[in-house]
Every structure is written in structure tokens, then in C-alpha cells.
């Protein structure tokens, strides 16, 4: 193996740049050439590649987003798209790839591996919704961004004795809501993985108020419903002087936390080592603080499990 | 004069606590007793007052919100409400007051002054929409919170080459949008004080994209319209892969910036000095970096003027 | 068991308040009374205890430091001191304790357990130097504080093409230096657990400069030597236009990160559950993402091991 | 005029990039070509110039440091150096310059003006020590960085009831100490512009402690003496369990605050307008919130005056 390609695919996440840096630097330390593939699979098919130097990744460890840009490209599901991509790999003499993104982007990586181009996947998403890894690159940063927002909202909530419903990202997963909810001292955390009864929540808010609590904060995972819908349901049970905030895309950006930078650096270096060892069609994870890898095919069947102990713990801490 | 009361009224703002601290400490340095009035005029009428010690304001300079809480209390517009408030002032032996809040809260302060209880107003609001002051307490913090959000959104906007419409607070005023827009490097700033043509904006976004700009950011003042409404209008002129974010109440909270803490400290100390000098019915401002004061009656007629030079400058810097 | 005491001992760390909150709220959820013991063992001996209510821990999850204050109190090593402490426990009717601090503070906890008062230890220190836990409460926050500082210093280092030697805390352990070094993109990381050759480092800096790198950053663990001493040694091998910064006590403070708040919440709740189950003389850890506990006696013999893979990885990423 | 050069000189400051962006974009909006001069006067003499495009300044508004790098170059004081610089200006066809830096860097700018190449100076330094401007570019960011550090140190100071002496930058000026001291709630602020008596400070600390204050914080301007020297003097009057922290170069870096970005944007645009109007040998200021300019010769004689009202106010607020 002489040349490695790197791409970021799907939604961007803080720490992707740290991963790009780690892959590039580690590969160069073995004497490999490194090519950056822009805009994920779309760029691969279009031949939007460039040779990376050490300086190409200088100082990017501090930056959110991805210097390689990202794009969704469903066409790569078709063999036609894949063959176009392989043409480009041949043209640039690339032997193997690292794909940083959600598990959706692993399908393309598996196809390329099947065509003889080893590809290793790195879990890059704020949603933490990928099987066989305890944490994804970007999750820790997103959670801290949400917690900082909750801390700010608490200031004003306390000053006016209000109830705030804060909608956070996570797609179908409740991880961001669970971690940010516990860390933010939320009174209620609503996640897709657990049923909730709006009536009980309304009663809890009322009893907290009756007990003199200055503010009540509900953290709502977007996978459950939208904040406005939740507010409408809540209103059926009384007036809580409630406000809602949809944190939105701020959760996707920002300089990555130390945790995300270290996770991305370890995973990026490991990906290159695995490619060097001739491996492909695998995805890297961090399980029980150990670097691991699994067949991508296993991931497609596997299910991510959030840390629901946080859900139980919060019941006793918030009350 | 022997006893001073302090209250915060209307929407809370970062730096109100720094102002409370300054008023209390300055007053105590003159040997005055200080009483905290909770929940603004509602608390005054209800007799929710407590004697403050030096330690009552210890370490609050770093905190957002207001330790005195705030509330809207339209009933204070009626003489009946005012007389109830004055009863409480008599009961606690309070001679004079400092009211920290928006100019709406100055009306009550003026009434109290007319009844013989000198009251001085401090401009505390993130909106910067008060006449006769260049800056209000809380504005600088809110602008920095917005700019940090824009910086985060830019990361993801650039990674996906998207257009973002960011709705910011400010009620009827464009100040937050103007400052945060320029500081955030926005491509377009939409404020109530200037007309805008949605078609021209759509064309500008398209030309910026055509020129290869990776992202376009529009900062929209809530006083113009809601982000969703703006998005709908924009869509009429093409698909911009646009997203909108309503920053919401995070803008009201957070630890105050150095600028807001210093502004609050100076104004708070000055308010006590003016009460000591027998003044009342006046509101404090910071104009051209100088502490000033004006009759509250003048404020009710005056109009706040945002710094529209920022609007003109941004046209040449964003393009 | 009816009454639980909580204290923080030794150096303070961000997240101690989140742990205090978790212990108090969890205990109250079981119907236990909770007493806060101020100033660690010194306060215990002096009888500086107070009954905590739910509101005693309201909103403290966001704050650095410890609301119970901390103090070093070597006298507690003597039986005389211990008996005085036990007198106070009897007087207040306290059955069991949670001690949050470094492993030094576990000795006193073990003595109390031996005297029939079950005590559970929580690892609270920024240094991460406690055996049988992968992470201590406060470590993640300290690392992020250091990384933010490195990011700032990089700005000026790059502008002037300078070498910076940044001394970080950690006492005898290199954990903060390792994590912050990798996350901060340090060119060299110097830790007590690994030998270093000043000459090789000097040559590396020179070769990096020769290759056009704009800045070089050395992260130095305080356990190795002081920054000034390092600078003096470095100067022997040439002029690097080097500057040094000793980050100091900023590393001990600040609002805890989400990670530290969650870690503290989980450990705090678990400590109460273990006391409820009649356990004592044990210390809680988080190993491989699982809550664990070990006999304090084992901790006194055990040795903490930092993640030295980070040391190896950084060699290939920095170069 | 057709071509403008831009350079940054002297110590770097946050917001210099925002100023570079403003100068470049404004100039391009008038149809001028813009050249970046690297490493200040050293780069000018060496001919280290490059043509800037709109994209050259894309997204730099958020970054600390200076993309043009900076360097000290005393040789430019000699006519020989100046003539070499002018050769380069001729070679690149540059008619006029903007120099961003401290007033030291204005001397070179004045020489170039005298040689027929109009140069306008922008005050870029964290020290705020330039005459005829209330604020310099970088000052607000530095002050906020210091205040965040004080807030963190207060956490640990309060937990251990300690005295902290925090040495801040500012060279000969006390501005950073004054603003950060008031905003940080310092108990004592020591600046070069005011005499201080170590004995009185020691007594004040003791009386604050006697009154039960949990921590005492002294902010010391580097222009007075070094923290260690201050500590030694303090120790003569008793044991205060004091610690010192030298904040160091973190104060020079970081993403600029909104205030610094807006100040830099306004000044940068104004500089181009003045060059367009044929002006040279002048320096721009922001006085009483108005853009102003003065002859550089006046600046060399003028003296900067810090806001010493802050010194007086703090006496009543801290006590």
C-alpha cells in the first residue's frame, strides 16, 4: 500500500478535522502518500481529490466542521456510481481509504472494499448513534455546547421562574438529551428510548413549583417530537409560563473538546494501522476505553444503545 | 437619606447582578442601609424585601440573571398599586430606590419619585433599545453569545455549503443584529431600521455562491419577521439549501462580559451618588464613554438610534 | 442508616459540587438526612456541620470549587483527631460519610470506617492520579482549560514563529500533559512517566523550524521540572525565541464540563447506594466506563497508570 | 491610487485579522488591488508580499493572531532599510499602506509617508497604551480572557480561603489590570499610574479575612513589578496563604470578542477611506465612540491615559 485517501461523509461533526489530521500524519509517518477527497462520495466520483502535505492539516485540530467538506450522495448506492469512484481511485493510484462519518456512509466504504479497495470507517457524528462504539467523534463537543446553552437559559429561567423546554439534536437517539440533561441538571429528560406521559410531567412541574423551585427545565430529544408540539401538549394541563428553545445547528459546530480531539486522534491513527495491516470493510470503535473494530456488515445489523442509567439516575437527582 | 432599595424589573439581562452589587456596595460605603426588593414592582407591593449585607452580593458579579428576580407587573401603572408600594417603603423606612430594567420599568420609578421617593433608573436589557445611552447593561454579553453561535454555525455551514438564516433578539431594535452581524461576518443583516428586498438578497446569495463562497449567513432581527417567514419568502427565488436557527433565550443568559460588568459597576455606583445628591426621576446613560443622566420624562419621548454605520460598512465587508 | 455526612477534602476540583449535589439528592430520595461538613476533616473535628436541604444544592452543578470548602488537616492522622471527629458524628447522629477528594483523604475515611462509621471515597482531583479509576472528577475540565490556553497561545506563537513551553499541573502524574498535549497538537509532551533528552527535543524543534513550521509547542508536566528550568536547559542548544507559560491555578477552577458533571453525578449516586448496602472503607472508580469500587487499602498500594498510548501516538501526529 | 499594502507589526493582538479583512474587502470594494506584506517591515524589505483575493481573508474574522505574521525590525529605523522597503513598494506598484500595530510601528509608517507613500496606522495591541484612542484592537479580548481566568481562580481561592496575586499584561499601562480588576471583582488593583503601599494592602487583606471574606484577589499590572516580587513583599506582613499566577501569553490569543471585531472592522474600513482621500502619516482612533484620526507626530508626543475612575470605583465596590 502506498496511497491513502480520506473523506468525510454525511453530517459534519466537531473533531472530524482532528481525525483527518491524525489519518494524514500517521500515514505520512509510514511513508504513505495521502489524498484528500472533497465532498465525500460526490467528490470521489467527480475526481475532486488533492494531494495532502503535512501543512495541509496544520492547526486544523482546533477547528469544527471539516476541511474536506461533506455532502450526501445517494447515487453512490448504485454500482454505476461506485465504478466511477473506482476509476478515480485508479487514476490517482489510491490503494485504500478512510471514511469519516455516520454508519450510513459505511455502505459505500463496504462496496469499495468489495471492489478491492480497503476502506476503514471512523464514527463521526454528534448523534452518538453508531453501534459498537461507546462514543462517536463530535458527541462530547455537542453535549458541552448544549450544556452551556442550558446553563445560560437557567439564568433567565430562574430570574423569571419559568419552565423551559429545550429541544436538542440526536436524530433517533437520546444520547445528547441524556448526557446534557444530567449535566444540565434538567428536571425532565424526554428520549425516544423511553415512554413518557405528558400528564405526569405536567404534575411534576407543578409540584416542583409548589415546592418553591425557581425554574424547571425539560430537555427534549428531537427524535421524540418537536418542542412546539410538546408545548401544545403541556398546555393542556395548565399554564406553566413555559418557553421553548430549539438549539439547532449550533450543536454541530464549535472547536472540538479535548475529549473529541483525543478520540479522533486515536481512532485516526488506528485506522491507518489497520489499513497498513491489510484490513478493510471494518469500522473503528471505542468500547470500554479500548480501540476496537468490527465488520461493517455487523454494524448494519447492530443497534446502538444509549446509557439509560443516566435516565434512571436523573429521576433521583432532579427531584 | 439612610436606606436605599434596589429592584430589577422587566426582562432580565446579564450584568444586572453586577449592577446590584455596585449599588449595594457603594451605598454601604456611604453608610446607607440597603434593601433588596424581589420580583420588581410586584415584590414591592407584596412587601417581599430583605436587608442586604456585603455578603449578599458576594461573587454575584460573575453570574447572569438577577438574584432579585424579575417580574412584569402592569398593575403598578394604577395609583392603587403605587400606594401599596409606598406603604411598603414607609414600613421599611426606605428613602430612595434604584430600578434596573428597560425603560418600561422607568414609569413606575417616576411615579414613586413624584410621591417623594427618589428613584434612579439603570438601563438593563440585552436589546440596547433605550434612549440617551449608547449601551445598555447586557447588550455586550448578548452580542458575544450571538457571535459565538454564528461562529459555530459557520463551521457546519461551510462544511455543507449551506445558507443559514439566524434570527436574533432585540425586540423592535436592530442593535444585536447589527453588531453580531458585523462581528460574525454575516453576508446580510436584516433590521427593522432599514428596508430590505427579499429578491435582492436572494440574488446576492446566488452570486456569492456562483463566486465560490462556501456559505452564506443572514442575520435577521426578530423585529423584522420570524426566521420561518423569511425562509418561505426566500424559497420563492430558488433553492438555497437554507436552514434557519432561532437562537432564543440563550441570548438572555450567561456570565456577563467584562464590558457589561464594568458598565454595570460604573452605572450602579453613579446611581447611588445621584440619589445621595438628592436626585430622582432620572435615568443613567453611558454616552460617548461618559456617564450621563436624563429626566425619565425625556426618555419616554426620546428615540433610541442604533449604529447604522455598521449596516453600511457591512455591505462592503461581506461582499 | 438515617443520616449521611458529605465532605470535600484536599485540593478542590471542578465537579465536586456536582458530586455533592448527587450524594445529597440521592440520599434524600431514600429518605436519609444529609449533613454538609465544611472544610473537610478540620471542619468535622471542629463540628462545622449543617443540615442540607434539596435547595442547598440547587444550581451548584454548574459551579467550580466546592460549596463545602476544603482544607488540609494532617492532624486527622492521629487517633486523637479521629476521636474528636467521631464525637461530632455521634453528636449529629451521622451514621455514614462520603468523602470527595484525592486518595490522601481516603486514609481518614478508612479510619472512620474502622471506628464503625462507613465511609465511601469519591476520586475528586484534576490530577487524575488515583488508582483503580480511569478518570477522576475534575480531570476533564482541567484538560479542556489547558487546551483552550494552548489554542490561545498558538495564535500568538504562530504570529511570531515562537517556541512555547507550557507547564501544566498534575503533581507526579503526566495525565493532564498527555491529554492536553495530544488535544492541543503539541510538538513535544514531557511527562514524569517517560525519560526525555533535552538535546533531542532541541534538535526536533530546529528541524521543525527548518521545515517551515510556524510555531512549536512543548507541554511540560509540572512533575518533571519547572518551565524555567526547562527553558534554561533548552537554551544550551541554541536560541529558539522561546517563551514559557505556567498555567497555574486556572486549571483548578471553572464550570465543570459535561463529562465531569456526569461522572460526578453517577459516582455520587453510586456512593449512596453502596452506603445504603452497608459498605464502607471503599473508593469508587470508573473503569472501562463501568462504575466499580475497591478497598481503600488496595488503593494505597495500587499505582495509577496514565494512558501512555497518547505519548506514542503524539510522536507520529506532531512530527 | 490603485494598490494598497497591509502589514501587521509589533506584538500581535486578537482582532488584527478582522482589521486585515476590513482593509482588504473595503479596498477591493473601491476596485483597488490589495497586497499582504508578511512579517511587518522585515517582510517589506525582504519583498515578502503577495496579492490578496477576497478569499484570502475568508473566515479570518474569527481568528486570533495575524495571518500576515508579525516581527520586530529595528533596522527599519535606518534610511537604508526604508529605501529597501520603498524599492519593494515600487516593484509591486503599491501606492499606499495600512500598518496595524502599536505606536512603535507608526514611526516606519511616517517615514514611508515622508517618502511619498501614504501610510495610515491602526492601533492594534492588547495593552491599550496608544494615545488618541479610547480603545485599541485586542484590548477587549485580552480583558475578557483575564476575567475568565480570575473567575476560575476565584473558584479555587474560595474553596481554600486563599489570597491570589494575579499578574496581568499591559507593559507600562494599567488598563488591562483596571478593567479586569473591576470586572473580576478584585479586592486590590495595582497599576503603574497609582502609588501603592504594600503595608496597607496587607492590612486590608487581613481585615477582609477577619470579616469572613472567603478569598482575596489582587490584580497586579506587570508594569508595576513581577508577582513573585510582590509576594515577597507581602510576606513581610504575615502569612496570607497566598498564591501567585502569571497569566502570560494566553492574554495575547483567542478568538476576538464582538467588540474587537467591530472596532477592527470600522477602523479598517475608515483607514482605506482616508487613504482614498489622499491622507497619510496619520493614525486612527476611536474616541468617545467616534472614529477619529491624528497626525502620527502628535501621537509620539501624546500620552495615553487609562480610565482611573475605575481605580476609585473599585475601592468602594471591593471593600
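Quick notes on this one:
Labels for the chains are A, B, C and D, by order of writing; each one numbers its residues from 1.
To be clear about the criterion, contacts are C-beta pairs under 8 Å (C-beta built on N, C-alpha and C of every residue); 3 or more make two chains touch, one makes a residue touch a chain.
Just so it is clear, the structure is predicted and the values come from calculations on it, not from any experiment.
Shared contact partners of subunit A and subunit B are absent; no chain touches both.
In terms of the distance between Cα centroids, subunit D is separated most widely from A. Centres computed as Cα averages put subunit B at a distance of 28 Å from subunit D.
For the pair subunit C and subunit D, the distance between mean C-alpha positions equals 35 Å. For this pair, subunit A with subunit D, the centres built from the Cα atoms lie 39 Å apart. Residue positions 151, 154, 158, 214 of subunit C each touch two or more of the other chains.
Per the contact rule defined earlier, chains pair up in contact as A-B, A-C, B-D, C-D. Taken together, the subunit A residues at the contact with subunit C in this complex read 21-22, 25-26, 29, 54-55, 58-59, 61-62, 134, 140, 143-144, 146-147, 151, 154, 158, 179-180, 182-185, 211-214, 255, 257-259, 261-262, 265-266, 269, 288-290, 309-310, 313, 316-319. Interface residues of subunit C, counted against subunit D in their complex, comprise 8, 11-12, 14, 16, 63-66, 69-71, 145, 149, 151-161, 164, 214, 243-250, 252-254.
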